[in-house]
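The structure under discussion is supplied below as structure tokens; questions concerning it will follow.
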Amino acid sequence: MSHRKNRRRRRHRRPDLAAAPAGASPPAAAPIDSATLRLLGCDGSSCAESIVLRPEELTVAREQWPVVWIDVEGIDDTATTALIGSVFEIGELALEDAVTPDERPKVEVFGHQVLIAARTVRYDSEGIVTDPVCIFLGDRYVITFRERQARDPFELVRQRIRHGRTRIGHEGADALAALLLDVLIDGYFPVLEQFGDRLEALEDEALNKPSRQSLVGIHDVRNDLMTLRRALWPTRDLLHALGREPTPLVGEHARAHFRDSYDHTMELLDLMESYREIGSDLRDIYLASLNNRMNDVMKVLTVIATIFMPLTFITGYYGMNFNTESPWNMPLLNFRYGGPAAIGIMAATTIGMVAFFWRRGWLKRWH
Amino acid sequence: MSHRKNRRRRRHRRPDLAAAPAGASPPAAAPIDSATLRLLGCDGSSCAESIVLRPEELTVAREQWPVVWIDVEGIDDTATTALIGSVFEIGELALEDAVTPDERPKVEVFGHQVLIAARTVRYDSEGIVTDPVCIFLGDRYVITFRERQARDPFELVRQRIRHGRTRIGHEGADALAALLLDVLIDGYFPVLEQFGDRLEALEDEALNKPSRQSLVGIHDVRNDLMTLRRALWPTRDLLHALGREPTPLVGEHARAHFRDSYDHTMELLDLMESYREIGSDLRDIYLASLNNRMNDVMKVLTVIATIFMPLTFITGYYGMNFNTESPWNMPLLNFRYGGPAAIGIMAATTIGMVAFFWRRGWLKRWH
Amino acid sequence: MSHRKNRRRRRHRRPDLAAAPAGASPPAAAPIDSATLRLLGCDGSSCAESIVLRPEELTVAREQWPVVWIDVEGIDDTATTALIGSVFEIGELALEDAVTPDERPKVEVFGHQVLIAARTVRYDSEGIVTDPVCIFLGDRYVITFRERQARDPFELVRQRIRHGRTRIGHEGADALAALLLDVLIDGYFPVLEQFGDRLEALEDEALNKPSRQSLVGIHDVRNDLMTLRRALWPTRDLLHALGREPTPLVGEHARAHFRDSYDHTMELLDLMESYREIGSDLRDIYLASLNNRMNDVMKVLTVIATIFMPLTFITGYYGMNFNTESPWNMPLLNFRYGGPAAIGIMAATTIGMVAFFWRRGWLKRWH
Amino acid sequence: MSHRKNRRRRRHRRPDLAAAPAGASPPAAAPIDSATLRLLGCDGSSCAESIVLRPEELTVAREQWPVVWIDVEGIDDTATTALIGSVFEIGELALEDAVTPDERPKVEVFGHQVLIAARTVRYDSEGIVTDPVCIFLGDRYVITFRERQARDPFELVRQRIRHGRTRIGHEGADALAALLLDVLIDGYFPVLEQFGDRLEALEDEALNKPSRQSLVGIHDVRNDLMTLRRALWPTRDLLHALGREPTPLVGEHARAHFRDSYDHTMELLDLMESYREIGSDLRDIYLASLNNRMNDVMKVLTVIATIFMPLTFITGYYGMNFNTESPWNMPLLNFRYGGPAAIGIMAATTIGMVAFFWRRGWLKRWH
Amino acid sequence: MSHRKNRRRRRHRRPDLAAAPAGASPPAAAPIDSATLRLLGCDGSSCAESIVLRPEELTVAREQWPVVWIDVEGIDDTATTALIGSVFEIGELALEDAVTPDERPKVEVFGHQVLIAARTVRYDSEGIVTDPVCIFLGDRYVITFRERQARDPFELVRQRIRHGRTRIGHEGADALAALLLDVLIDGYFPVLEQFGDRLEALEDEALNKPSRQSLVGIHDVRNDLMTLRRALWPTRDLLHALGREPTPLVGEHARAHFRDSYDHTMELLDLMESYREIGSDLRDIYLASLNNRMNDVMKVLTVIATIFMPLTFITGYYGMNFNTESPWNMPLLNFRYGGPAAIGIMAATTIGMVAFFWRRGWLKRWH
């Protein structure tokens, strides 16, 4: 039951960043411990990738490269987060948003930076799960914060840069941010496509052999769609804001890219709404199937009762103990062919009843 | 089950145009291969139609005619698409949108061009299908991209031009774009009209002989309406934008035409909403019919049981083996007219029961 | 089934006005044939009514009177429509809108004219029908186009003018247009009032004797309300636009009148929404009634079975053929008062069962 | 059934004020007949109340007092209405709105006057009824029009003024209008509070003894809520307009008061929405209760049938007439303890069946 | 049933503050009686907490500290409220809002003060309850009004200030107000998290043993969600206004904090909507479970009847009293192995019936 997981994931929110020595001197010497920092620096002609191990490398990279992308994997490492915050002058509220696991997708402008909180999606044993990804866009750098994940959602972007198909040193940090967000949104398509299969299987089940399992399955599909909707609706809003409202940090080219991602989100939402309605329809089909089954059961009972009750009455009739010395009392009993005659009466009754049900169509199965 | 097809059509999206040598020299000599390019050039007095076979013809046509319409059938021919892109200076993002099979209807302004993504509609063996059609509007040209289709949706426009009823050389490229879109929208009317027949047939079925097939039919109608809605709602938005917001490329006359198409889309949407509600009502009618059927079955069972149970009891009574030597034990058994008397009692009971049910109205059929 | 008619009325839309010799010389000499043109010209002091028979009269009237109202009955007479179009300089698109039978209510400004497309309502053998009425408002004239109808919706306006209660020569063409629209809206009230009666009758039926007919009746009410809604919602929008947005052709006094009509439309819509909800409630009541009926049937069956099954068992018991020579086998059978004793046992069982059902309240009828 | 009354109240709308000699000389000498006019004039220090009997008093009062409030009870007295219209220079359309019984709440500015149409609420034998109250606000006067009512809704305001708690001579006419509207809105609270009791009683009924009466009760609650909603939604809109949009006649202090009333209306609407949803839930509870009842009935039938059918079979078995001279035919019949043995078999069967049902929980009642 | 409490809490609203001597001299000497006033004054370096016992302390504190926070616990103490109103120059309408128990969350600007009406949430024996909390924000002071409560919602804020983590003397009164509101919103998370558990337990119940209790439970969850929604929706609106609209009293830093609280409210609302839908789904699951139960019952009845009716017929057949002297009448009765033969026929019938039901799957239990 997928809402179990929703509830659990809500448990502890808002890491207490202020517990770290805020206002103290920059923790330049703190070792980068549990988080993995992937650095990608580009200038007009080439790009270099590395794993950041010592804090100083960040400051150096920021100065050295025209466009820098730092990808932080592991948002629970508060020390590293604070370090990046001090190097790139990120405010406390913004940093807190970046590392909150249940952050709702949004975009917020903090002076010289744009914070884009988004969510990736994946299938998990219990259903659909969405994980937070936070993108900080500065004038010459992009910083992404995300949880440790089995699959790196940004590997595609890295490959694109390696193969020279996207020249972020040339196009700027805003183009990189738009590309990252685009890749995140595209990750929703394969997940949503699986719903088609699930719904189709459930439809067959609901029509042909409605069981309690089908009902649970329909319920789970609806829960998963709710999880998706909670992630996609605010994403739509943030893409609308990014694509339409002019901000100094986001150029026209990146805005066109955001508008394109917005269109993809709208497609996803359209499709999702359709799946939601199909889910509702399935419930109705399931209930109608149950109803039909009940009808089937009742018909069997009625057919059996209607055939055997008259027969039993006839046998009862000839089982009465009237004194057959009187010729008026049960004359058939002493008749030489009384037994066969009774059988004949019973057969006629049975044939009549069966014909009646045949004409009513009750002897055919429902489907 | 029409959502099966929806799912499948979502499979592979976004052709990788960048795989073509972007930024390379214009592929002027590439042969036009799998796509069909219909060229229609007009000046103030006359129009000429031709099939473009060699790339150079495009450049020539663009220069020669005051208004040019290129109709590209076959959006999977990436080489041709890239060629047109380079001749008419279409950006990469715009070109990608033009040839994406699942593009959502939208309008977007790219500098000196307006991209209008729309969808045509047709009935297919599995239900309603919508196909993408993309209209590029430049200052002096219109380019349409569409999939290979059994029926050319623009044949009507061509005829109109041939017969001189629309003088696009005189009215301009924007008027041509408005006319093309108008013809696409008009294509929805005959499709929507068929829903009336389908719903009527389903209503008769649901009322008179509700079967599992009716439920599947109602479900299919609802799925088809969802497919239509996914195409029509964004079309409404794009027509609103084209009709109300002034852009340099779209003149007042074309805007009036777009507003007119907008009104037709609203009519379509109103009608569609009505059909959706009728679809919901049908489901309720279907369920009520099932319920009534069950009632019918129960009544038969009850009538039979209520008539025969007392009768069987009476026969059982006279079948008891009490010693009839005692005058207190079952005196009727030895009575000369005991048998007829018992039959009389049974007949009276039966008549009473039948009268009871007659007065309750259970012996009439339901409808 | 009222959606049958909706479907049919959609069949052929958009008369091909361009088939008439557009751009040709004004068809001044064409006879006015199938349409009826009622002319009403007013100056400050008096008004004159006439039926236009010859085309020239239109040109004369337009010049002669400060305010002219031409009421065209019969929109299928394309020649007359084209004639009026040329006399009053109405554009082709506007004229096409005026004579389209399924035009959605809307207001559109065409240069020096305002086109108001509205719909009248009437009851027909199959349910509610709405007919298009189109009002052209110029600076000094009003032209109304409508289908031939059994009842002239504008007769009230004519009477008002004849009795001098509205001085359109003094108040202007915009006041006349506002009055015409007001009269159209007022025509919806009596139609909507009939729904109250229909719903009340259906409620009684659904509660007391739910039949298949009630379900069809509820369905028809809902279809009729959908037809009304399709006419009233866009009417509301057009009245909002006319009452709030300043246009040179509509003065402040007429705008106040339009706002008043807007309020009446809102009342109609409020009432309609209530009726829609009552319609939904009725369906639930109907289903609950069916359910209750089934309950009733089941109770009868259960009461009968529960009373007679034990009785039949007792008779069966005393019908067993055990050898009664053994004193342990069925001693009552040879007892002198065995028969009456068995009757006593049966009576006691019956009384017990009846008491049980009495206390459960099953012997009362449901309502 | 409360929609019965809705329908009836709609019957005749819009009194024909123009039937009175409009444009004629002010009917200064017409006697004030069927309506009651309460005049309240205030200056900075004191207030005076009186009943207006002669028309001249109105003109005098208007000149004499800085702030005048005329409360007209009885809107069907068209002569008096016309008189007030001429004394206070109220336009025809505005006056018509004031005396229309079914006027929808709205606010409209007529030059130097603000017309506020609102509705009071009361319980009546058939359910909730709302009556129109119209407030005209001029620069130095307030005129209220209302139907004759059992309870004067403005008595509270009069008392407040008498006790000097509101100094309208000091605060101005707009403050008086705000106070009057506030009192009207407050009148909705006690009415809405009764819904809580009604819904609670219905919930107990629906859960414990669902009858047809409960269904009618739920339906009536929903109808009453619809009546309330039709009055409250437009009231919300008018208060929003009065509280937010600056008009010369309404000062900042009165606007704050209107905003306060707006908040109260929002509270009422929130509560009303909750009641509507509880009403929907009740219907579901009612249907589930019916379903459970049916289940109960079926269980009784099944238990009885399942216990007695095997018993009857056993008695039937020993009632067969096989020739017991063969030792293979029914040997128990001639056995000395055959009877008790058969009873033992029957008892064992019965105990087994009862145990089976006991374990299934069918012998417990449902709740 | 939680709406019982809603109703009761609505009973008496709007304390009559004007009953206190308004306009009289400030009640400086009135003792602070039933309310508890916690004062917290801060300057740039330190803060001091105290309980206000005498009225004069308020005036002193207001002058002495750069930022003052007065927390008033006990809003029914009208004397104290009036005192604070006079010291901090709060208008009558604003003060009335502050002490109304059923105030809807809202923000209102009264000249030099901002009134923020919010609600805290808690679980109570009858379900969820929300209590009003009113925050007055002046240029250098914050005043909070709340009911006496078991748990002080602001204790967290006090601790934060005591530990120097929030320096309100430095950050200003607006930062304090933002922090207070943030703490109130955070109080909703643990309450909402419990819904997950409740819904999960109800889902298990509805699927496995649907009882009347489950239905009441689902109904209660929905009522609680309605209570929450009534508190959260207007809170969302007020936070939107506070975070987006610039006001002189609220600085950019506080606005960012309000926007953050707004995001949390949106998360709460998203989650709440999901719970509402799960609640609806549960009702459907419950009804389907009931339906399945009924099906189960019917199957048992049908199986029993279908097995025993033929058997009883066979025993009846051999119980008929035909004269067996005729070789045509019931020849088996005198056959030596007639009894075993009859048993064989019965066994065969039974096995056939059981096989029939086995193949239909009726002998398996439903789940």
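As written, the chain order gives the labels A, B, C, D and E, with residue 1 at the start of each chain.
The rule we apply is simple: contacts are C-beta pairs under 8 Å (C-beta built on N, C-alpha and C of every residue); 3 or more make two chains touch, one makes a residue touch a chain.
Worth saying up front: this structure is predicted, and the values here are computed from it rather than measured.
Note whether the interface between chain B and chain C is symmetric in residue numbering, meaning over half of all numbers used appear on both sides, and answer same or different.
Looking at both copies, the contact residues mostly diverge.
So the centre of each chain is just the mean of its C-alpha atoms; given that, what is the distance between chain A and chain D in Å?
42
Report, in whole Å, the distance between the mean C-alpha point of chain A and the mean C-alpha point of chain B.
Result: the chain centres lie 26 Å from each other.
Listing for chain B: what residues touch at least two other chains?
Each of 287, 291, 294, 298, 301, 305, 309, 312, 316, 319-321, 330 in chain B touches at least two other chains.
Looking at which chains touch, is this a line, ring, star, complete or other?
Here the contact pattern is a ring, one closed loop where every chain has two partners.
For chain C, which residues count as touching chain B in their complex?
So the residues of chain C in touch with chain B come to 1, 3-4, 6-8, 10-11, 13, 18, 93, 97, 102-104, 106, 108, 110, 211-212, 215-216, 219, 222-223, 226, 230, 233-234, 283, 286-287, 290-291, 293-294, 297-298, 300-301, 304-305, 308-309, 311-312, 315-316, 318-321, 324, 330, 332-340, 342.
State the interface residues of chain C toward chain D in the complex, per the touch definition above.
Residues of chain C touching chain D: 165, 189, 192-193, 195-197, 199-200, 203, 207, 256-257, 259-260, 263, 266-267, 270-271, 274, 277-278, 281, 284-285, 287-289, 291-292, 294-295, 298-299, 301-302, 305-306, 309-310, 312-313, 316-317, 319-323, 326, 328-330, 362, 366-367.
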